[in-house]
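Right after this note come the structures.
The two complexes that follow have chain A in common; it is paired with chain B in the first and with chain C in the second.
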Partner chain A sequence: MANLRRHLSGYSFIAPWLVALVLFIGFPFLAGLYFSFCDYPPLKTPVFIGLDNYAELVGDVKFHHSMGVTLLYASAAIPLGVLLAITLAMLLNARVRGQSLYRVIFYIPHLVPTVVVALLWMWIFNPEYGLLNIVLARLFQAADGWTGIFVSLAAAAERQNFFEWPAALLVIAPVLAAISIGPWVPAGLRARPSLHRFMAFAAIVLVVAGSLALVNAALTYADPFDMRKLHAPGWLTDADTVPSFLPYGPSMALWALILMSLWSVGQMAIIYLAKLQDVPGELYEAADIDGANWAQKTWHITIPMISPVILFNVVMAIIGTFQVFAEPYIMTAGGPEDKTRFVAMFVYDNAFLYQRVGYASAVAWVLFIMIVVLTLLAFRLSQKRVYYAGR
Partner chain B sequence: MRGVHFGLAGLILAVILIAVFEYKPALEDFDPVRHAEFKDTWNQRVHIAYWEKWGSFEADGCQAMCDAFNRGQNEIFVHYIRTSEVDRKSMLASIGHDPPDVAGLWNTSVATFADGGALMPLEGLMAKSGLTRDYYIDNYLKMGEFDGHVYALPTAVMTLALFYNKEHFRAKAAELRAAGLDPDRAPRTLDELDRYADVLNVFAADGSPDIMGFLPAEPDWYPYVWGYYFGGKLIDPDTGKITTDDPANIRAYTWAKKYAEKYGREKVLKFRSGFGTFDSPFNAFIEGKVSMEVQGVWFPLFIRRHRPTMEFGVVPFPSADGVPGPRALMEMDVMGIPRGCKHPKEAWQFVEWVQKTGLVILSRLQGKNMAIRKPPPWFYEGHPNLELKVFEDLAVAPESFIVPNSLVGLEYRDEMKRAFDHIWTWPVDREKAAELQGLTGKERQARIEELCREEVAKTLKAIRVEFQAKLDQRLERRHLQPEGDR
Partner chain C sequence: MAGENEKKAAWYLRVCVHAILATGALFFLLPLLWMMATSLKPLEETMKYPENAAEVFFGAGHRVVIGGQKYEVVLEREIKPTPAQPFFIVRPKEPFAAGELWLAFGADTWRKFQIFNQQELTQMNAEITPEMNVLADETNRFDPAAGLLTLRSGRKVPATVVRELKPDPQGDLLRLVREWRPEDTDTKDVGATDHEATRAWDVVPERDIEKTIRMIPENYPVALTRVGFVRSLINTLFVCVMCVAGSVVSSVLVAYGFAFLEFRARNLLFGLTVATMMIPFAITMIPVYLLYRELGWIGTFKPLWVTSWFGSAFFIFLLRQFFLGLPKDLLDAARIDGCTELEILWHVVVPLARPAIAMVALFTFLGTWKDFMGPLIYLNHPSQFTLSLSLQAFASEHGGTPWHLLMAASTVFSLPLVILFFATMKTFIKGIAMTGIKG
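After this line comes the complex of A and B, so read on.
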């Protein structure tokens, strides 16, 4: 009797959630399955039509297209997001001053509502007045000066634009910075570590900038069409595939959305950071004694130790990318030329605009099955790679 | 533990009580200032919900219309509830058996709502109220019809016309004269429009446009309209068949594509993507980035709101050679009474009053023309739209046209937008580089045009095949529905 009362008490505590789950998730879930076998304009009675909806979506080019867009997005946004989040987490994990402030700064973007983020990024992506294109124009102005020297000296001379200050800075500054941190620096200056550190930092920044300019030179030589486009992309209005030699690559508009998806990567980074701080320090000490360098420690200790969290984040990201809706709905409405019509938008349009709830339900079920399969695949593939301490 | 059980039971009881004893709206729940004048009659009135769109001064116009109705009698109070995406929300409310008493939809949704049995047929009520066919301009009434019944009546209406910037014309007067064109008037033929546009363009040193004479893609609200100016149709009104790849439509979209190709597709695309939003001083036409633009009857008020000193003119958009005109696309907003609403009788009283009196208030304050044949004289006194006559004439012009209501109408319009996007941005020089190799000058231009025409024809044909199949499927599946649902 006491046992029964205990159970009843337990169930009564979870009852509100359970009732909501059954009513608002369970029922629509199963109703959706039934509707997927029906012709169901929402203002009419659903009529059973067997597998017709599923047969139709096998041959529906628009469905294939939106599935393709979603998969392309997932294949770029998930790895980039994970990589950036791990990088941020590792940087935050270093014993830097103001760590908690950085943590807050990286997390704040995640708190901004999706609609606000979308509107904000629409301004950032504005080809004429947007922040991104202004920055790109400045960067390319500098890099092109150098590119001109490497790739087409004659062209640069013809433009009578041979000497460009930003380019000159990129050539001269790394040299100066390297000089300033070399072994020849006077001992007196070395005794002032903050100045030394600043110079080293400046040198790194400038060397990176110089390398980017070199990469720009190489890419301009190899693929002038795409590089010209990158100087002032149309972003959300550009339907062209980038890079253009890929027949089924993401469009520029999709790249814009991929780039935007990195906005809220801070949340993922915080989860990684929590796990990173959990990695026992002894493992690194042992590795130090064995003479392991930073890369070896990262590959053999850090990554395996945080692998369960990576798996969790990847699975969540897979589910999340198949549900992307609000951003493209607000920013591009699926355009240009349907290049950002994600499968969630396809479901929405069919159900609520074109009155085809039955067909939309069939697509939603296919989507559900795909998410389950991909999640299982992620678990399967990671079985030997994920390390669960204590198992 | 017993306390916990009591607590949970109390919580559940409270939820049930709140749901059962629905709180009745009191005067204080609404706007106390706006509704104070109705204080004495508030409780004796039947309160009806009118879901309608609009923002800015257009919403003020709609509110003024409802206020006038509420002041004119003591039995009904209309609550104008501003509703974005009103079609979708009205549909969901209908599915949930709790629709508004009056729904303000677009004519493009009438077929879907009517086919789903979500709207009451109105012809019986109209006959009793003396609202005859002759009362309305025929095309406007047609847009509220489906399957031979009237399901919705007009509210705000529109016709499209060509707006032109007189300041740009004046600035280029000498060049226009040199090209044999009159700078004191707008183009009268499509060929003239192309020639005016050529002269009015202003390019920067790098060849990118600063001002474009005309851009078929600005605004991109009516990408399905061009075929009609070439004598084409999207749906055959007699047979109901989809006619997307009608030869006239192919000519029309090839003409539009020429604008993207002639001035450098990439540059035109970039130029266009920098335009500001419609209701702002950065609107392309208001800002002076585009000299000529197709817009609706509402536009003069928006222009004067953002740039009161702008000098502009309005004329019918010219048709292609041999196509009779003047002609204009006609569309409109409609009001219907959802089936299953709480107060259908009172809803009709409001709709009837709107049709007989309210439309005058709404149309005046929104700066639009009316759907009825003979507006009362006071409609014109101090009407804020100084260009009204052009739109009124177009609304009764015998060649003006509507896109007939269809079960796939909304989807079809969306698809036409995608098709236009595709045609407009299709990179002919890259896709067909091999075929253009070695060609120069006029020869190359002619080949580009030919290739574009082929692509247009292919695109439009694919749409015709797809949508005819969709329409056939919908019609076939209508027969599967139970008798009452058809």
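After this line comes the complex of A and C, so read on.
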């Protein structure tokens, strides 16, 4: 009797959730499955038609297209997001002054409502007066100054400006590197390793900057079409594949949405940061004793220790990608040329615009199966690499 | 703290980290700064490529002295009279329709028709009355000898000369300027006729134009009226409050059940709960919509908040994890003292779990405030629109051109969340950490 009462009191506590589980999750879930086998015209009863919806789906070019768009977006936005978030988290974990301010700044974009994000970025992507093109124009002006040195001296001559100070660094940097790293460094300097290492460090930074200029020059030479396009893209109105040599790739409009998604990466970074701060310090001390360098510590301690969070975030991101709706709905309405018609939008259009409930349900179920498969794949692929402490 | 952090890194590495973080922070803040900058710009400044870095953020304004008084002005077109063919500012003696001029204006027409072009004026058939000034240029020809202004229709109207416009002796460009008023910021007023005030205009050489920065806080009231801010705010707050209350009450109850009570199939049910987090909204969207339609809830706020009173998987999960971390002895002690489960929940668990509960409230508020798809699907009358929906409706109704107003409304819409974040930072940061640790 007491046992029954205990059970009852338990069930009474979770009763609201049981209702939700049945009414708002279980029933719709299964009803959706049933509808996907039905023809369901608006305001009539569904008629069972077997696999017809799925058969139509296999041949529907528009569906393939929106699936392609979604997968392209996922394959670019998720890795970039994870990479950026981890980098950011590690930077935010470094011990420098004003760190709490930085953390707040990087988190703030997550607080901006979706509609505002969409409108704001629509404005930023404005081809004529948008902030991004204004900034890009300035940056490329500078970059072209460097590039001109390599691509065509004639261009530099036209500008009447042979001496570009950033380009001058390209000459200075290797010299500096040689001076600071080489064995001919005077013994007096070696006695002050801090200064010595700083010089080496500065040299590396300059070499990196130089190589970037070289890459820019090489790209401008090899693929002038894409590079010119980068100078003032139409962003949301541009349906061309970038980079153009890919037979199938993200359109400029999709890249714009990917770029926008990276803006709210701070939230993910903060989650990684929380996990980073949980990594026990002894591990690093032990690594120090073994003489591990920074890269080794990152690869063999930091990444494995936060790998469960990475997996979790990747899975959540996969689910999230299949729900991307508000941004393309507001910003591009699926255009240009359907290049941003995400699969969630496809479902929405079919269900609420064309009133094809049965077909939309079938699409939704295919989506669900894809999510499950991708998630399982993520788990399977990461099985050996994810480290669960204490398990 | 991690061991790596115990010793300070070399100074140049710290400088480097600072530099990267500061640059990154700048790039992350730029969109928001630009949003606020745009919200304070005049309309015409948003439609212009900035001439310099300062103009990206601060809209340029101009001042000119007209008739001994300094006016904020808008620059209109350039005027190019020649010595052989000077232009005139004339005052017609008879009234005629503005549409009869090639490029019409008079003091009053400025006031009434801010977006001022031939087409609109013709459409509205504005009247030029004898007390207004008209510019007679190469298209609106004026014959000074006869004192006749030739209209587009060929009709000639007698007029008196106010001023003759010759090329500037110093070779400066002559420019048409008109008085600017803060109300200009509202693009809707085009064609409104209830304004009596007249507006000054003149033709001046460029050197007399003084350049300033023009910031217009008036954008904000205009934008808020246009978006229907008060109505939408009440709607949004209503939904938010109902959601927060529902989510907190139900999730705490259910999480307590899962954490401390024993009943059949508990673990199975909990596993199911966690699994439901995997189901995207798109899957259940259609049947749930049909369900609400059967219940007659479409076009009401109910679909937006009722479900939150039945708990949400994510918060149940978070709270249960938090509850399991509480000292069990306290609960056992309370149970021995003869407390009922509800009393234990209220007197023991809730006070201890306050940060976690605050987090649930905060995140629910955040999610509801930001929600767009829910209101889009379930609401259909503008009087019910939440802020998200009103803003989007305003944007799409104008094809996204009045960016200064859109950004002003956007700023106001985002501000509460930012303020809330700063006010509750501690809870927030703990909460974010909690969502991370469960991975």
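By our rule, the second predicted complex is superposed on the first by the 334 of 391 C-alpha atoms of A that agree within 3 Å, B and C clash if a C-alpha of one lies under 4 Å from a C-alpha of the other, contacts with A are read in each partner's own complex, and residues count from 1 in each chain.
Please note the rule applied: contacts are C-beta pairs under 8 Å (C-beta built on N, C-alpha and C of every residue); 3 or more make two chains touch, one makes a residue touch a chain.
Quick caveat: nothing in here was measured; it's all calculated off a predicted structure.
Touch criterion not met for A:L51: it reaches neither chain B nor chain C. Judged by the touch definition given at the top, the superposed model places A:P308 against chain C, while chain B stays out of reach.
By the touch criterion stated above, A:D238 is placed in contact with chain B alone, chain C being left untouched. Contacts of A:Y354 after superposition on the shared chain: chain B is touched, whereas chain C is not.
Looking at the superposed arrangement, the partner reaching more residues of chain A, out of chain B and chain C, is C. In the superposed model, A:L381 makes contact with neither chain B nor chain C.
Once chain A of one complex is fitted onto chain A of the other, the partner contacts of A:Y129 extend to both chain B and chain C. When the two structures are aligned on the shared chain, A:S9 is found in touch with chain B and with chain C.
Once the two complexes are laid over each other on the shared chain, residue contacts for A:F322 go to chain C alone; chain B is not touched. When the two complexes are overlaid on their common chain A, residue A:I369 makes contact with neither chain B nor chain C.
The intersection of chain A residues touching chain B with those touching chain C, taken from the two complexes, comprises 9, 12-13, 126, 128-129, 352. Residues of chain A touching chain C in their complex: 6-14, 16-21, 23-25, 27-29, 31-32, 35, 88, 91-98, 102, 104-109, 111-116, 118-124, 126, 128-129, 131, 134-135, 138, 194, 197-198, 201-202, 205, 263, 266-267, 270-285, 288, 297, 308-309, 311-313, 319, 322-323, 325-326, 329-330, 343-344, 347-348, 351-352, 357, 360-361, 364-365, 367-368, 371-372, 375. The touching residues of chain C, counted against chain A in their complex, run 1-6, 8-14, 16-18, 20-21, 24-25, 28-32, 34-35, 38, 46-50, 53, 56, 250, 253-254, 256-258, 261-264, 266, 269, 272-273, 276, 278-291, 307, 309-311, 316, 341, 366, 369-373, 376-377, 387-389, 391-392, 395-396, 400, 403, 406-407, 410, 413-414, 417-418, 421-422, 425, 429, 432-433, 435-439. Residues 1, 4-5, 8, 88, 91-92, 94-95, 112-113, 115-118, 266, 269-270, 272-274, 408, 410-411, 414, 418, 421-422, 425, 427, 430, 477, 480-482, 485 of chain B are the ones that touch chain A when the two sit in their complex. Put simply, chain A touches chain B in their complex at residues 5, 9, 12-13, 15, 39, 41-45, 47, 49, 126-129, 229, 232, 234-240, 244, 335-338, 349, 352-355.
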